[in-house]
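Below you will find the structure I want to go over with you.
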Amino acid sequence: MSGRTASLATLAGIVLLLPLALQNNYYYEVAIQVGLNAIVCVGLNLLIGYAGQISLGHAGFFGLGAYGSAILTARYGWPPLAALASATAGVAVLAYLIGRPILRLRGHYLAMATLGMGIIISIVIATEDRLTGGPDGMPVPALAAFGAALSGERVWYWVVGATLLAAVWLALNLVDSPHGRALRALHGSEVGAEVTGIDSARHKVKVFVISAVYAALAGSLTAHYAGFVTPAKVTFFHSIELVTMVVFGGMASTFGAVVGAAVLTVLPQALTVFKEYEMVVFGAVMMLTMIFMPRGLVPTLALTLSGRRLPR
Amino acid sequence: MSLLRVEGLSKEFGGVHAVQQLDFAIPAGQVFSIIGPNGAGKTTLLNLLTGIYVPSSGRILLEARDLTGRAPYEYAARGIARTFQNLQVFFNMSALENVMVGRYLHERCGLPAALLRFPSLARAERACREEAESLMRFVGLGEYAQSPSDAMPYGALKRLEIARALATKPRLLLLDEPAAGLNPTETLGIDALISKLAESGVTVVLVEHNMKLVMGVADRILVLDYGKRLAEGTAEEVRRDPKVIEAYLGAGAH
Amino acid sequence: MSAQFLQFLLAGLTVGAIYALVALGFSIIYNASQVINFAQGEFVMIGGMCTVWLANAGWPLPAAIAAAVLVAAAVGLALEKLAVEPARGASVVTLIIITIGASILLRGLATIVWDKNIHPLKAFSGEAPIQLGGATLLPQSLWVLGVTVVIVLLLSWFFGRTLLGKALLATSHNRLAAQLVGINVRHVLLASFGLSAALGAVAGILVAPITFTAWDVGVMLGLKGFAAAILGGMGSGPGAVLGGLVLGIVEAMGAGYVSSAYKDAIAFVIILAVLFFLPSGLLGRRSSDRV
């Protein structure tokens, strides 16, 4: 069994068995939230972890997916599945158009450009209140497939779980293909990749679009699941949360992205017992893990378990 | 028939004339060496010949095709591969994967095939792996197939770059100081490898600052000094050229 | 020049000066350590909040201001010592996340030590507006502009004439060479964080009487400062000042003539446009990578 199949099987096992531990709807809600965030992170990890290109604006794509679905269904009466597909496709086109000029930038300049993009999207969403409901948000019709509306935490658990597994499967395939090697190569050395025949600009844009599609899809699903969208999930802070999940779980590890999403989605729920200390603890956890495990949780654990010392 | 021809090639960095008005041709199937002291413009020339720098003026022609102003990956697609003086290894990948990346041009597949892992791709991947393994053995790195590249010694990394370049199946292979930083035994090994490459039919451009190293293997030598051509010819002609003796060997001969 | 235009220009210059101070903080730290300190905005918040708190406790304003700047500088030093130094050699993304973690932590601490309310601060010399060619100017704006000019002059003297300043510059150009000529790079890093934090605090104190202050004012001010630094060219001192002023003026004009709801968006659109055409900012070093 290859490493790819093994990690996919492990994840499928967890998705299948987890309901045994989910005692009530609240637990299901958290699990669904984990799954939705994990979908975004798996895509974002392709961009950040594998291709080495930072984005501080992916909450923008998430938001466009969510609001695209919301507006098309609620304001224009589209069937939810068509809205979901169109919103995601629209985000893909937008990401392509933005990505071409933006991804010529490097390092902090790219960070700034993606950050600016995300903030512009969030401001537009918060301001165009006739369409989006402004800061108050807007209701979204439920997702219906084959004549039946999907509702209830238990149904959604399986929808999100299946989508996550598909997202992970596709990502693992991509990473383990000439495309994925090209992405990792341009992360390792961009000139080195170019002189071996890799058009780095094209590959960067491609992975940017893929990661945007993952975010938009998760956004659409979130909107239909929650039945309501607000600009809260479109903010700069949410972009940061997403990047943190990826880096915390472990860059260039698809499994790590899922684990990062899980830990950092559950942690704030657990931290609510600390009330006013929540922010302090969250910030401290972020700092400490990055200082002591700069490679992230999963790669560090994998190396520790395999008994190798960390190379510098 | 020359494989690569350069006409009036110059590169300037804010007042520094790193390469000035070079004209030369590289014949197919030979070892062509470019030598010159540090700072002579050798690396800059290789960067021009691989599209990493755009020339300030002049043209680069591969056979009759003008490649001036193209991107580096287009040079690679036309059959020009290279190694670097300052290593450009993909340290985030294993040694074998580094070489597999070199197969990129010959193993292109569409995005759907990659995402859905078509059976044809799975077969191609196995072939790619085997080919990369045999290339690693060819350059003498058989024992490193599974090791992460960031755990390999310097000498092995230099060979790894050669294997990666060979994986692109180049017609023209540019080596930037492949022996720099190696001990005498390793240097002998690299010499032997270059001879083996030349025999296999690939045209080799060998950049060196140490003239003695290239005398044995080079068919033709281009001597650079301050970005300009000082001399060009066979090893014997260059060795006897008074300008070369004065400017380059002079210091060492006294 | 219409009075309205002048009014927008003055507003833009005032807020631009604040952005410039924050941007200078970003640039100083970036030069010394190649780190983008996303906690820079929190120094602005600490400066403002601490001054308000001490002033409310009965301290005379100048003493409260001095103490607030010192507190922010101390936090800056602690940040370098406890979070940035242990992570030396980590990737850019990792360092970004560490400093973002620090900013969340500092915001959290601010809500505990102080509160979640919005606080006014008394203007330094009254609120009576000054008439100027049909436009009005708050005395506090003069304080902002004047202090910024003084600080820019002091900084150029510091980097041009003093040993520590030159050491900071040398380290930014070539870390290893700086080490070889006997510069203690670790002290330089520490100094850069202290100095940046103090600058941020001054900005926060100057602007507090105009915009009020609260535990979360650092977020937007930090991002705008980062944007200004990038606009001018990361690492360039004159670039940071220019970037800050341009950003402030563009924003004020955009808010005045186009749409005040899109004030912040306009600023970021301009930055994206500049980056498309000048990928290293207005005054950034253009380099061709060596291989």
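Annotations
To keep things simple, chains are lettered A, B and C as they appear, and every chain counts its residues starting from 1.
One rule holds in what follows: a contact is a pair of C-beta atoms (placed from the backbone, for glycine too) under 8 Å apart; a residue touches a chain by one contact, two chains touch by 3 or more.
Predicted, not measured: the structure shown is a model, and the values here were computed from it.
The greatest centre-to-centre gap from chain C, using C-alpha centroids, is found for B. With centres computed from CA atoms alone, A is the chain lying nearest the middle of all the protein shown. Just to note, of B-C and A-B, the chains joined by more C-beta pairs in contact are A-B.
Look at where the CA atoms of chain A average out and do the same for chain C: the two points lie 31 Å apart. Computed from the mean C-alpha positions, the centre of chain B lies at a distance of 47 Å from the centre of chain C. If you average the Cα atoms of chain A and of chain B, the two centres end up 41 Å apart. In chain B, the residues that touch at least two other chains are 52, 84, 88. For chain A, the set of residues touching two or more other chains reads 191.
Contact with two or more other chains is made by residues 291 of chain C.
Every residue of chain B that touches chain C in the complex is listed here, in rising order: 13, 43, 47, 52-53, 84, 86, 88. Of all the residues in chain A, the ones that touch chain C in their complex are 48, 54, 101-102, 104-109, 111-113, 115-117, 119-120, 123-124, 127, 191, 236-237, 240, 243-244, 247-248, 251, 276-287, 290-291, 294, 312. Per the touch definition, chain C reaches chain B in the complex via residues 288, 290-291. Looking at the complex, you find that chain A touches chain B at residues 170, 173-174, 176-182, 184-185, 187-189, 191-200, 206, 252, 311.
In the complex of the two chains, the chain B residues touching chain A come out as 50-52, 71-73, 75-77, 81-82, 84, 88-93, 97, 100-105, 107-109, 111, 113-117, 121, 125, 128, 148, 150-151, 164-165, 167-168.
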